[in-house]
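The following pair of complexes shares a single chain, chain A, combined with chain B in the former and chain C in the latter.
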Partner chain A sequence: MKKTWAKVVVVAISCMMVFSFAACGSKSGGSGGDAGDNTLKLGSTGPLTGPAAIYGNAVKNGGQIAVDEINAANPDGVQVSWQVEDDEGDGEKAVNAYNKLVDDGMQVLLGSVTSGACVAVAEKTFEDRVFTLTPSASQTAVTEGKDNVFQLCFRDPDQGTISADYIVENFPDAKVGVIYNNASDYSAGIFDGFKKEFEAKGKEIVAVEAFADDANTDFQAQLNSMKNAGADLVFVPNYYTPVSNILVQADKMGYKPTFFGCDGVDGILTLENFDKNLAEGVYLLTPFTASAEDEKTQKFVEAYKEAYGEEPNQFAADAYDCVYAAYDAFAKTGLKADASAADICEAMVSQFTGGFSYEGLTASGSMKWKETGEVDKMPAVYVIEGGKYVEK
Partner chain B sequence: MADRILNLKSIGSRGLKNAVKGNEYRREASISYGILIIGYILLSLGAATGLIGHNLQGQFVPICVYVSLAVSLNLVVGISGELSLGHAGFMAVGAFSGIVMERMLLAHMSFEPAVMILSMLFGACMAAIAGFIIGIPILGLRGDYLAIVTLAFGEIIRNFMNVLYFGLDENGHLKFAFNHTIEGIENSQRIITGAIGATGTKTISTFNWGLLLCIFTVFVVLNMKNSKQGRAIMAIRDNRIAAESIGLDVRKYKLMAFVVSAALAGMAGCLFGLNYSTLVPLKFNFNTSVLILVFVVLGGVGNIWGCIIAATVLTILPEAFRQFADYRMLTYAIVLILVMICTYNPTIKARVTAIWNRINPFKKKGGDKPKKKKTGKEAA
Partner chain C sequence: MNFLTNIISGLSLGSVYAIIALGYTMVYGISKMLNFAHGDVIMIGAYMSFVMTQYIGANGWIALLVAMAVCTLLGITIERLAYRPLRGTGSLAVLITAIGVSYFLQNMALLIWGANPKMFTSLFKGMSPVHAAGGKLTITPESILTIAANIVIMIALTLFVSKTKAGKAMRAVSEDNGAAQLMGINVNQSISLTFAIGSGLAAVAGVLMCSAYPILMPTTGAMPGIKAFTAAVFGGIGSIPGAMIGGLILGLIEIFSRAYISTELSDAIVFACLIIVLLVKPTGLLGKKISEKV
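Entry: the complex of A and B
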């Protein structure tokens, strides 16, 4: 009996391996399943598993909403397909995922989701001439030296610069301290831009404290340092998990400065086991929030809630905008959907650098692109009051 | 005394030399080199004829990197018998120092092979120095304690990388800063920017360099295993007290294995770093160390060609499972568990060996070969 089982297991494993290798070889160059000739194949890579999975899945879902809308709106026109491959937020895996998308016939890349992964992938799309518009990779190195790579989100240092300008203007007498994650490119990038601009305006940061991991839960030391330096405004350019811990611990210490965050703080109100009252009075600078009341945002938020049962975050909105921006620009090129990726790339680049503008969810007003690949749009500053975002 | 026993040349007995070095070494070496070269030819042919897609082609260099990492870790885990959980740290040292070297050299010369070789050598040297510095205080520890301390050092190296800043000024001179960004240089001239890692690396790694690195690693490890020093290292592994009693310097030989392994990991790290335009220190976390250890354990502790195959298969497997979409990593985990169980289950192993013996065209006379191999492995 034991031996029979052993045989079954061995056979099963060998079957699986043979099957997967065979599939791996045969798929190359094939078309992407149900996608016909009149379909523009969009692809993206993002962390669908691992600690950053929330962002990758948001992009996957947000993009899907836009794709479904486009396909339903014009059943006879150019259809769009949407394929997102898992890259675990890692450069090496992202290049693998991108290569898989190329094997499957992708024509335009709307990725990658995370910065580190995107820089590695952008290098490849530059070589292969594939048009790239990233929803959320905010590092400056993503677009640097690559004419075909564009960003839909703000660059990290720009968020820092805009935050610094806002704080200098609206809190002229504040003593400003900063708690940031020096092991996160996002947080360190914003801090970089913030420090430069803030000091250029002749101000001084009274205390800077760093931590090294978003899983960090103890901020006593950092908060004490803020308190001792007398900081009455603490800039926290971090994701919402560490910010929620900072808020809880500051409250326990009886330390009540004004907290000011960036788009990473968006989502803090839906965090489980977090007392929302603690977030009262927190400022955040973000291009998108699900509680905005314009018609477009509401329509998107409703569709997203219906499909996925949760409120969309900024990454989902970025992906939604990416799909529409790419689709609009493609329609303006006048190319057919079976054009090669390289032809599409050249045509789209001249669209994006030639004054193409798009009004979406993630900007107040319209967005345009500079030749360097960065986006030109305005964010909004919100303050949390009564458990809601109130625009300032 | 110990020197004379271990140095077979000094004994001058050709018979003994053959018995120890000859057959076993020749068999292991020919299988290892054979796998590398046949694998290289098959993959190159597949890529040239278009049978292999972009996805697999893109993995050629990482496969080579992981193969040489696994082989070099096997020197510590298999041959020296110490569990090291910090291999990714040495890979990181090699990768980042290799990248800095590459950018510096490319500012002055454009001959890529020379840049590649010099960067790799520099990466190896820096990793060896790191291995030496770390090895001195910790190699007095044994077993689990050593494993935990190597784990900690791996993390320290990674966190150290988080606060390093390198850049080039307009004259191509290297600039360095600790814990703050370098002022006054263009973004494109930044080489390493703390947690953001290395950006703008020119990718000069190729499959050919990968093959050369693998062959070099296997060459070093196999020859070391079959040298006077290697036998001393294995003697210490098998019985430390006995080895000490005949006058072997335990610390020296352990350090030797540790440093050589770190240097080889540094070279592999350099090849890896120069294969991507960006590299973050987070890549070299504990998970990567464990991944390399998994290659070694699956391939067989002390078994060189086994871990070449294990590293290759386990690098390709998660990519090959992409069609399972959401269940990809689950499938990978299940397959990993099954493979681990099956390769270490004596019943299944005996069965596979029996089937292999039936179909093996190069079967030697007498059926004692598989039996011998099995006991050898168990002892290891």
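Entry: the complex of A and C
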């Protein structure tokens, strides 16, 4: 009996392999020369499960909104498809997810979502010549040495630099303290940029404290240090979960400085059950917020809410912009949707480095790209008043 | 005054670790397994309490009771479905299963409640903080009541284990499983009871922890779970007073190293202390070769 089973298994496996090879063949044939296929295949990898799932899912959903809009608006033109594979924010899994996307015929990668994963994947896309525009991977290493990799989000240190400039200009007399997450590249990166710029302007940070864990941290030691140093403005370049924790604990201690955060703080007002009064007077410098009142943002926010039942965060908007930017740039290349990924890559790179500009949700004004792959755009500054973001 | 404030927050954080560590230490004592899913039971407990107060509108204390009931059932179910079939197959299989259960619970929470974090309403909302020393020292109700809960639980549990029949049965099983069975003790029942108590306490720990540090998400239980496991090993795994002392010392070390040495290195210092204790006394502070294990 055992032997018969072994035979059955062997036959079954070989059948599967034959079919899957056949499937691969027909697919790559499809994207190569099938004239009827008028679809540009966009793909991304991101954490759809695990602790960073919120970001991967936001990118998946935000991109889907843009794809649906584009497809509805041009029924006869080039259509786009959108496929997001789970990488759990892990470099190795991201490469596997990327390989799957390539097997499925993806032509342009709008990923990866997290920096660590994106660094690993970008190495592959550089070798394979696949055009890459990441919505949210903000480390410098993502684009370094790779001419075909671009970022739509700010680099971490840039946010720190811009924040330092803003604080020096608008709070000239403030005593500034910093609480940052030294286990997070995002937070530590912003802090580095901030410190350099702030000190270059001849100012001094009165207290610097760190933490390592994003949730359920006790911040009393850090807040006491701020209080004792007399800090009246605390720069918190973190995601909104630790920031909300800091606000709650500062309130319990009766410590009320001005808190100033970056794009990670966006989302704090939609945190379920959060007491919005605690966020009163918090500054944040961010390229996107769902509360912005311009028509474009409102249209996107409404479509997103209707489809997914929650407010989009910045990652969703980044993905939305990525899809549109890639689509617009692709339209300018004059290529057909059945062009090979490598041809698309060269044409898109020359678009992105040749003065292509795009006006989206995640910048005040338009955004352009430098040859290094960095984006060139300006964020807006908001202050929370009456439970709403008010632009400064 | 800062010094006193730090002592109080250290004791309060340590109390949370101690209550969680109890679950690890009791289960280890009786079945010689590390239940790595314990941290995620805490998270489920906190979510249950959140659901009761936010969506159903129950009083915080009723929500706590419901969370305890759900976690007790969950603990018994996990033991019955995942661990009991593997009893006697070697510790590695059970350990890996425990890690699997941990991932299962985290991802289940992700499916049910989503990845977005939620803000937990403190169980003690509305109670005003205590001011002492002419307003210089502020003690939050969360701190006081967490420390109090820890003391009450420790006393109750020690009495239960030493005085009641079920407690004595648990001790007997932990000392010698086979002999206990020969004496007519229902081993399965004793182990189920241990899981039930440990998981019920996990719900209490979850609610207390989220009252003080109010962010609730599917990975909320992971890091405190590891820290509490460290506390249990620190104090001598298998020993109930050891869990309490280990938890409190760990909480104090963490807060003090943050306040006086470096916020960047606090976790490293905590784990370095663990290594030193284990080098000097491999069974932990209160662990003996043949100790009173439950």
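In this text, the second predicted complex is superposed on the first by the 355 of 392 C-alpha atoms of A that agree within 3 Å, B and C clash if a C-alpha of one lies under 4 Å from a C-alpha of the other, contacts with A are read in each partner's own complex, and residues count from 1 in each chain.
One rule holds in what follows: contacts are C-beta pairs under 8 Å (C-beta built on N, C-alpha and C of every residue); 3 or more make two chains touch, one makes a residue touch a chain.
From a predicted model like this one, the values you see are computed outputs, not experimental measurements.
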Partner chain(s) touched by A:Asn99 [first = chain B, second = chain C, both, neither]: first
Which of chain B and chain C A:Thr241 touches, first, second, both or neither: second
Partner chain in contact with A:Thr140 - chain B first, chain C second, else both or neither: first
Partner chain(s) touched by A:Glu310 [first = chain B, second = chain C, both, neither]: second
First (chain B), second (chain C), both or neither touched by A:Glu272: second
Partner chain in contact with A:Glu85 - chain B first, chain C second, else both or neither: first
Which of chain B and chain C A:Ala212 touches, first, second, both or neither: both
Winner by number of chain A residues touched, once chain B and chain C are compared: B
Partner chain(s) touched by A:Thr49 [first = chain B, second = chain C, both, neither]: both
Touching partner for A:Lys252 - first (chain B), second (chain C), both, neither: second
Contact residues common to both interfaces of chain A (with chain B and with chain C): 49, 182, 212
Chain A to chain B touching residues, read off their complex: 2-3, 6-7, 9-10, 12-13, 16-17, 20-21, 23-25, 27-29, 48-49, 85-86, 90-92, 95-100, 102-103, 115-116, 119-120, 122-123, 139-141, 144-145, 181-185, 188-189, 192, 212
Complex interface listing, chain A residues touching chain C: 49, 51, 53-54, 57, 182, 209-213, 215-218, 220-222, 224-225, 228, 241-242, 244-245, 248-249, 252-254, 271-275, 310
Residue numbers on chain B that touch chain A, as the complex places them: 46, 50-59, 62, 159, 162-163, 181, 187-188, 194-197, 199-200, 203, 272, 276-283, 316-317, 319-323, 326, 328-329, 335, 338-339, 341-342, 345, 347-348, 351-352
Footprint of chain A on chain C - complex, ascending: 2, 5-6, 9, 13, 50, 54, 107, 110, 115-121, 129, 138, 140, 209-210, 212-215, 217-220, 223-224, 254-255, 258-259, 262-264, 266-267
